[in-house]
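Handing you a structure now.
Residue numbering begins at 1 within each chain, and the chains themselves are lettered A, B and C in the order written.
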Amino acid sequence: MKPRIAFFDMASCEGCQLALLDCEDIFLDLLELVDIVEFREALSETSPRIDIAFIEGSIHREMDADRLRGIRARSRLLVALGACACNGNVQARSNLYSPAGNLGAVYGPGDRDRVQTDPEWWPLWAHTRVRPLRELVRVDYELRGCPMVKEEFLHLLKRLLLGSLPHTAAHAVCVECKQQGNECVFERGETCMGQITWAGCHAICISHGYRCDGCRGLLPDANLAAHRALMRARGLSEETIEDRYRLFCSHEIDRGRP
Amino acid sequence: MDAFLASKRQFLDWLRHTAADTETFFPQPLGEASFQFARVRPDSPLRLEDWDSGTPREAFRASANPVPPGKLLSPPGETLFRFRRDPDGRLEFFPVLDDAPRIIAGIRPCDLHAIHLLDGIQSAGVPDPHYLSRRGHTTLIAHDCLQPCDEHCFCDAVGALRQRQGADLFLTPMEDGLLVEVLSEKGAALVEGAGFSPCGDREARLAWAEGQRARPFGRPLPASPEAIAGILAGSGASPVWREHSERCFSCGTCNLVCPTCYCFDVSDDIDLAAPAEGRRCRTWDGCMLPDFAQVAGGHDFRPGTAARQHHRVARKFQYLPRQMATGSHCVGCGRCGHQCTVDIDIYDIVKDLVERAGP
Amino acid sequence: MSASPLVPFPARLEASEPLSERERLFRLALPAPMSHRPGQFVMVSFPGVGEAPISIACAPRDDARLELTIRRVGSVTQALHALEPGRDLGLRGPYGNGIDTALLAGQDLVLVAGGLGLAPMRSLIQALLARREAFGRLILLAGFRTPAEALFRTEYPDWTAAGMEVHALVNRTEHQPWEGQEGLVTEPIPHLGLDPGRTLAVLVGPPVMYKFVVLELAACGLSSEHIFVDLERRMKCGIGKCGHCQIEDLYCCRQGPVFRLSDLETRREALA
């Protein structure tokens, strides 16, 4: 019997699911191998039993946490899909401020007070803290990146079909830059987070002339002290350095390493 | 064997012509300040003008070339074999050996020396036919250095500058062009019909070139490679390892840009359209990467960057030279120091060790 | 012969039986008999997932059969555990030096195995018992954490009957039935009455075990020249090329995995 796979989204831009739909060249092959039973971007069926649940997005509210626990309970394997689900992504930076402060900053003080007092609105805003999935449930595998990498998704699926999980080496993006034959970003006088960021993206940003901003998260043994010193030596201000680290890795900076 | 004379222009035109029939690689600009051994195309920007002039901005510099030419003999992700499983569970394996002819031209002596050392390693013990097949079908055209590439170079200090063995053609810059020496049958066959002028005064020209060679050549080391091997053997407890690795990211760059690093990992893949078929690939790996010495279950037999740094340096100067009965396996190209974003330089480490070991 | 030593040959899984929660015994049918020494290993492939080094768990045999004990610990072994009998896996080898039983002739032998270490040790045990008369005392100390993790339990009586002193120990019985002793694998050593002049020891187990066993053996007068240890590393090629199994200047896959302890004493990475 074909494995039943399902996709769910929590707080995210759904860009990872769109990245998946972008796999049109292999999608028909994929459907030969699996049954997709839930996929909000493409269909609306629900299934009581799931072999592999792919969950996109971070968890902000208790109602989302409950939904996540429910999915975990009916899934054999649970995969965190993309940076939001794996490490809280950019929205984890809001953890530095109070929910009320964030509301006020975005919607102004009037709406801030209204949604916090109006019983019709407040459950939607009963925001606690941005959390990656692994803080709430057991996660079997993480597909990092903003968005997730199509090849990694396929690799995971192939391994699951063979009765195994992939091993993801904790290598820096530098490894893939060398494999791609790229010129180092520092060589052209700029700075980069490749040395402290999980590889797996084939150094796509650097290969296209940009730098690595760390969307795949910090490596388990990332030498942040040395990296910070290097960024300073390259003339970056403390504020800029903090912004660079917190863009994608705010949660990891605050909570210690993954 | 024969020797010819060619103008630099004449040589590069011939190389372009040859590249139309045979996959040919030559150093070309990469990004803003780097070089890559890239395929030669009809419109490729090939230069030889400043290679021996000591004006390093235009000349091909080994340390500014993150992927050394020898890596063309072990490309990242090379397929070792394909397999197929039939519905009854029977397996079949199909080895993949690359026998496409290739030419790599513009190899500096340090990189030539590195390929020569790799030839020894891949032929020793149980030979590696994947490397040897590709190597056997590759023609090497090396180019002598009369000036060090840049401030990172220390090839002479580790005995790599005078390397000629392994090259099929050897180029030496002359006032009036290039001396093209034929060093092998393969080189003779390649250069036949090139239209280069026969050279009657090879020895005099080589002597002239030797007279032009910079002295000292690149950075000197305070001890011979043999003496360094001895010092390394007793250096396990030295604080040098910690001092030179505190700022290390374990990013593996020093391994991956090293022309004599050849460690690898393997990974399998299946075809999505035919899941019973697939391939096993070999990927580059390096001893500075954090999981390199981990065993199944997670125990790490070489934990920490200091221990890994020690292993990397000892392998170049102590372990491999003794095992293979060769000189240093560090060829002094300067890549690891140049490409490291926090300037961890094998030259500095070795110099530091020697100086602290005392006279 | 394949054109490349890195390309496996197919071997058929005849049977796979559970030995514990994590370990299974794989019985393979090979295309041709494999001549190997105890202590050697093979590279086992589940094509599509990868390859892992696995110790051979049986004595050399001439019927083109091979037995492997495989612990489920990574992606390859996980896939192998799910492989159905009748289907092929890939095999390369044998690799490594193994142990030359001729070197052991006439000696008293202490074999110390911890956990999964009994799998490669079983290869040696079978080889020794097949020529029982060629050796002096044969003593096996096999240690496990719990009875549920004890490997090859049903074979201990046969080994005893064939002339080996078998001491099977568990750290704790956890209220499971256990016919052996309770305690650490080091505990019986002082009471064995070893004659250091004619005793060799062979150790297979986790590095932490070696440290304590070597201390006890040294207390009985055994020197490091008389102790062999079998080391585990993460071989990726088995032919001295991939670099993963290096112990400083030694290649575990070529000069090992069985080493004389005296050859390792100056190498800090060996038993770390």
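Please note the rule applied: a contact is a pair of C-beta atoms (placed from the backbone, for glycine too) under 8 Å apart; a residue touches a chain by one contact, two chains touch by 3 or more.
Here the structure is a predicted model, which means the values were calculated and not measured.
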Original post:
What's the chain with its C-alpha centre farthest out from chain C?
Top reply: A
Original post:
Counting C-beta pairs in contact, which comes out ahead: A-C or B-C?
Top reply: B-C
**OP:** Determine the chain that sits nearest the middle of the structure, using the mean of its CA atoms as its centre.
**Re:** B
Original post:
Roughly how far is chain B from chain C, going centre to centre by Cα mean, in whole Å?
Top reply: 39
Subject >> Centroid spacing, where centroids are CA-atom means, of chain A and chain C in whole angstrom >> reply: 43
Original post:
Can you list the chain A residues in contact with two or more other chains?
Top reply: 158, 162
Original post:
What parts of chain B, by residue number, touch at least two of the other chains?
Top reply: 265, 269-270, 275
Original post:
Among the residues of chain C, which are close enough to touch at least two other chains?
Top reply: 48-49, 74
Subject >> Interfacial residue positions of chain B with respect to chain A in the complex >> reply: 30-34, 36, 64, 66-67, 76-77, 246-253, 256-257, 265, 269-270, 272-273, 275, 283-284, 286, 289-291, 339, 341-342
Subject >> chain C residues touching chain A - in the complex, by the definition given at the top >> reply: 46, 48-49, 74-76, 78-79, 82
Original post:
Which positions of chain A touch chain B when the two form their complex?
Top reply: 26, 29-30, 33, 154-155, 158, 161-162, 169-172, 174-175, 178-179, 181-184, 186-189, 194-196, 219-223, 226-227, 229-230
**OP:** Using the touch definition up top, name the residues of chain B that touch chain C in the complex.
**Re:** 80-81, 83, 85, 88-93, 95, 97, 121-122, 125-126, 128-130, 236, 262-270, 275, 278, 280, 282, 285, 287, 292-297, 299, 301-303, 307, 311, 314-315, 318-319, 322-323
Subject >> Residue ranges of chain C in contact with chain B within the complex >> reply: 2-10, 12, 45, 47-52, 71, 73-74, 77, 84, 86-90, 207, 232-234, 236-237, 239-244, 246-249, 254, 268-269, 272
